[in-house]
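Take a look at the structures below.
What follows is chain A paired twice: with chain B in the first complex and chain C in the second.
Moving on to the complex of A and B:
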């Protein structure tokens, strides 16, 4: 295939800035990450080649097990419940019309555009042991006020609820777009045949919205595996080991313990987890969709 | 419940339907309470934040805001956030647009390879790269600088994918006709193709800006000096300094979210469009 000279030069000019950033900030660090993971280097500076020592050490580290367990637990608490809630809200919002719909949608979506630190400050205030208004809900149920962020069984579910509140707007919008794309005559035909609302949902809406559901689940899963900000902020000042998540493990190894090589090994592990889980999930959901 | 008719006049009034609408509004209000409560608290006088629990402050005051502006580095953080976010938005959207255009419209060796690399980068969790980003930035003396904050945040494969998708959707005749007319490749991109999708560009720019303003992990690692912090990182520093003065902390939080909240409220439709585009579905 012959290339036009002018076209070639133009293409080079157009992709050059992207390639530069991409090579420098993506490909190079990825290669360096793998190399670094086989050394005992500190965060900044050279180290010796230690083979798989970092990986074997990590495999025996109790805190690393915590990090995997907590990340998995967090994913379990957010991905499917969050997507289900988003679908429910989208179905409710789709019924409304005009300004009422815009207004209700804005209320549900607004948290999504807030910076994570703002989300943290807001909820830290809401859950404050002495003055938080949420204690008015917690007290009657538990019989006393609870310091949510210093009580282990409450920590992850608490962060999960806040994360769903914060990020759900994204999935809601996707579901709404999907619902709008369902042809109306399908419902009209079904109504003529005397179908109930529930039948319309299970026979029309659900099958046609399934691809969007898969999309939301996939995006959420990959996003929530990378949880760090919220957990870090809410655990500040307390003991972090028991609530550790994977990105936080990388962070602590590198920036608190100054172990660059070890942190890189943890980063490679996270990379492998994300790749394997997202491929698995994709296959699984696709298979189920083709039933 | 599964009814999605659009332009038709309202359906027949039913008790069940009205209850459901009411329930929806109630849920939306509950969803909004945390934000409302934060705003109300930020308007209370110092003491009132812990003694008064009314829906609206008895004596609304901006004291918390004034304290934040005059007693912390908030104005500087605002400037830092604005500079970094604007630069990230311009550079990221522009490079993504030109790359998407080249992959979609031009023929050059390595085109397919480049496309596959961009698609594959979806798989790589960027937080896994923080260690090596830090090493690179530290070794080039860019810690505590704008460049240091900006560079790793220019990775936007999704935007490239969106642009390629958009340009792919245009008929090939556009390019051929313009080339026949003797337009240069650059004129083609700037005069013909880019103006065709200002909508997409605005949408992607807004969502990139919101993302840049809100990012926490990298600016938090790349900056240690208080003078170079972004607002998003800074307001947790205020919290430490202000102690238990929740009114002040929440005033800071409200001010930190103002630009992104405005961007969303003014360009709601574009934000919706950008999210649908990023997820690869028709909005």
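Moving on to the complex of A and C:
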């Protein structure tokens, strides 16, 4: 018993620094944020208690609905398509050998190291309605040059394509590592048994790469729910209320409109959404794992 | 021996101490990143050289727009703001409501050697809120009409005085655009159409030319201003529809269209003057000029804002009288030496400089400087000013309207709804 208490004390001493920092820098601000969401505080300073007024106002706000819809739409456009494309590219790169493989991999990974502002400038010029090189592709198809970032149906798919181009390198790298971990002899044995390429993929590669796929999907989901920079940059000066996403809504409320309490309420809502979606996804993938 | 060394060290440290005390370091923040930022650095270096041993400016350049103002608010609230900073006059009402700015007193103005009469009435009014002065105007930066002199001359639009003529009135102006296009110009005019927030400067000028007004919270478009605003948006939309102005075109593209000779006119801020001056000096630009916006409607009127100097109210850290004196010296010196700042295109706010013979010889600055008599500033609302909810609402409503996706009256109503929703 004495030993057990000693062990407990030691454990406490070891986790105390983490608990303190975690409580001070994460739990405490979170509690403060929830408290703030029930006030009409500006960005700086205190406000008066207003109960659920911020929440009811938010539920009636068209722009908030846009933000939820756009964020969901963006997740739909990027998470699964992006992961699928990464797997395809990884399968192709895995067939290459030596320096050629390194070079091709580097090409795919290069965009990932760029800051978002650079990504924005590159694509803004590529798609520029007067001078953009991509208009040479758009014009013959559409009959006229199109400003992608000012045409509502094009906006989210456009941002999604750029985001996949930008962040795909990381998923490719993960998949490649997973593919290298599959023992060669499984394929050799299958080949001796007369398995086709498709059978080898569905029976060997796909089941063995599944944990990596789950990892990629999870990372992508969390990343894309927090979409902000690309949408903010490409939409600035345009119809920002229609192309609004969740984090941008929080940013605008707090820093442009000077409404700290309202922004906190929006942040609480985003927190709830992410929590619910994460639990759902966890349940879904667990069910799949038990099969 | 050891003791003597120690004594000497102590004395020299003490001497050093007094020297440091007499020297004031003024922390300076600005948002000037472009060509005007380079010119501001030159001014700061010159100040530091002239005041070596007494005052040193320690300057930091931050991101323009929302990031700058957010940082100023938050740092002043915890006493970590600078001693002096550049500030858009249009953003002062919000800062005052947040208690971010320290009022400029009569003693400050006396120390700077300035009075209310040193400034144009509209500029002076822009830095005052409820009769209290919160900043010292450094410049006025309106939008102007840039023109390609060679292309205008070819169709007879340059008068005997060497300046553009026959541009007033919508019919005259459109006829000029048509003539220029008939003579081979790809476009008639380059006005930003991809960013309704930026275009708001032009639209607001056109509204003011009709005697219309933008009010403040509660009564944003007083009287028949809604209809007049729709006229203004409709004029730009008609340029796009008739092929005079390219659609959905962003800021850098308008500059490129103008400097490459694809468009003989461009509406843009005076801050693009250095771009033209530098290109022309390198022999890469045609003969060009810039003038006050034409009178499309009833009277001359141009949107303007002012870069001014403000002193933050650092919470819990009142400024020492010595520091305040140093800041006053800095602002006063900058105002006296703002002639160099005029090379960045901005009109010096200090009338003594704007009326000087040197400024009057500066072209095209002196030509458009007359517009200071016909300026309109942003309405005094916490929701107005550069990069404000008002600009944002304009971006949302007018971007689609200028390009013919929505008709102008609908867009104006949309903007009004957005503004009314701002609590």
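Definition applied: the second predicted complex is superposed on the first by the 265 of 291 C-alpha atoms of A that agree within 3 Å, B and C clash if a C-alpha of one lies under 4 Å from a C-alpha of the other, contacts with A are read in each partner's own complex, and residues count from 1 in each chain.
Methods note: contacts are C-beta pairs under 8 Å (C-beta built on N, C-alpha and C of every residue); 3 or more make two chains touch, one makes a residue touch a chain.
Note that the structure is predicted; figures quoted are calculated from it, not measured.
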Partner chain(s) touched by A:130 [first = chain B, second = chain C, both, neither]: both
Which superposed partner A:5 touches (first chain B, second chain C, both, neither): neither
Residues of chain A touched, compared between chain B and chain C (which is higher): B
Partner chain in contact with A:43 - chain B first, chain C second, else both or neither: both
Touched partner set for A:226, first chain B, second chain C, both or neither: first
Contacts of A:111 with chain B and chain C, given as first, second, both or neither: first
Touched partner set for A:28, first chain B, second chain C, both or neither: first
Touching both chain C and chain B, counted on chain A across the two superposed complexes: 43-44, 128, 130-131, 255
Sites on chain B touched by chain A in the complex: 1-6, 10, 17, 20-21, 23-25, 27-29, 31-32, 34-35, 37-38, 41, 49-50, 53, 91, 94-96, 98-99, 101-103, 106-109, 111, 114, 117, 121-136, 138-139, 151-152, 154-155, 160, 184-186, 189, 210, 213-214, 216-217, 221, 231-233, 235-236, 239, 246, 249-250, 252-253, 256-257, 260-261, 263-265, 268, 271-272, 275-276, 279-283
Interface residues, chain A side, partner chain B - complex: 1, 3-4, 6-15, 17-19, 21-22, 24-30, 32-33, 36, 43-44, 89, 91-97, 100, 102-104, 106-111, 113-118, 120-123, 125-126, 128, 130-131, 133, 165, 170, 173-174, 177-182, 184, 187, 197-198, 200-201, 204-205, 212, 215, 219, 222, 225-226, 228-229, 233, 247, 250-251, 254-255, 260, 263-264, 267-268, 270-271, 274-275, 278
In the complex, chain C residues that touch chain A: 66, 70, 73-74, 77, 94, 98, 194-198, 246-250, 253, 256-257, 382-383, 387-389, 392, 395-396, 399-400, 403, 418, 421-423
In the complex with chain C, residue positions of chain A that touch it: 42-45, 61, 124, 128-131, 147, 149-150, 236-242, 252, 255-259
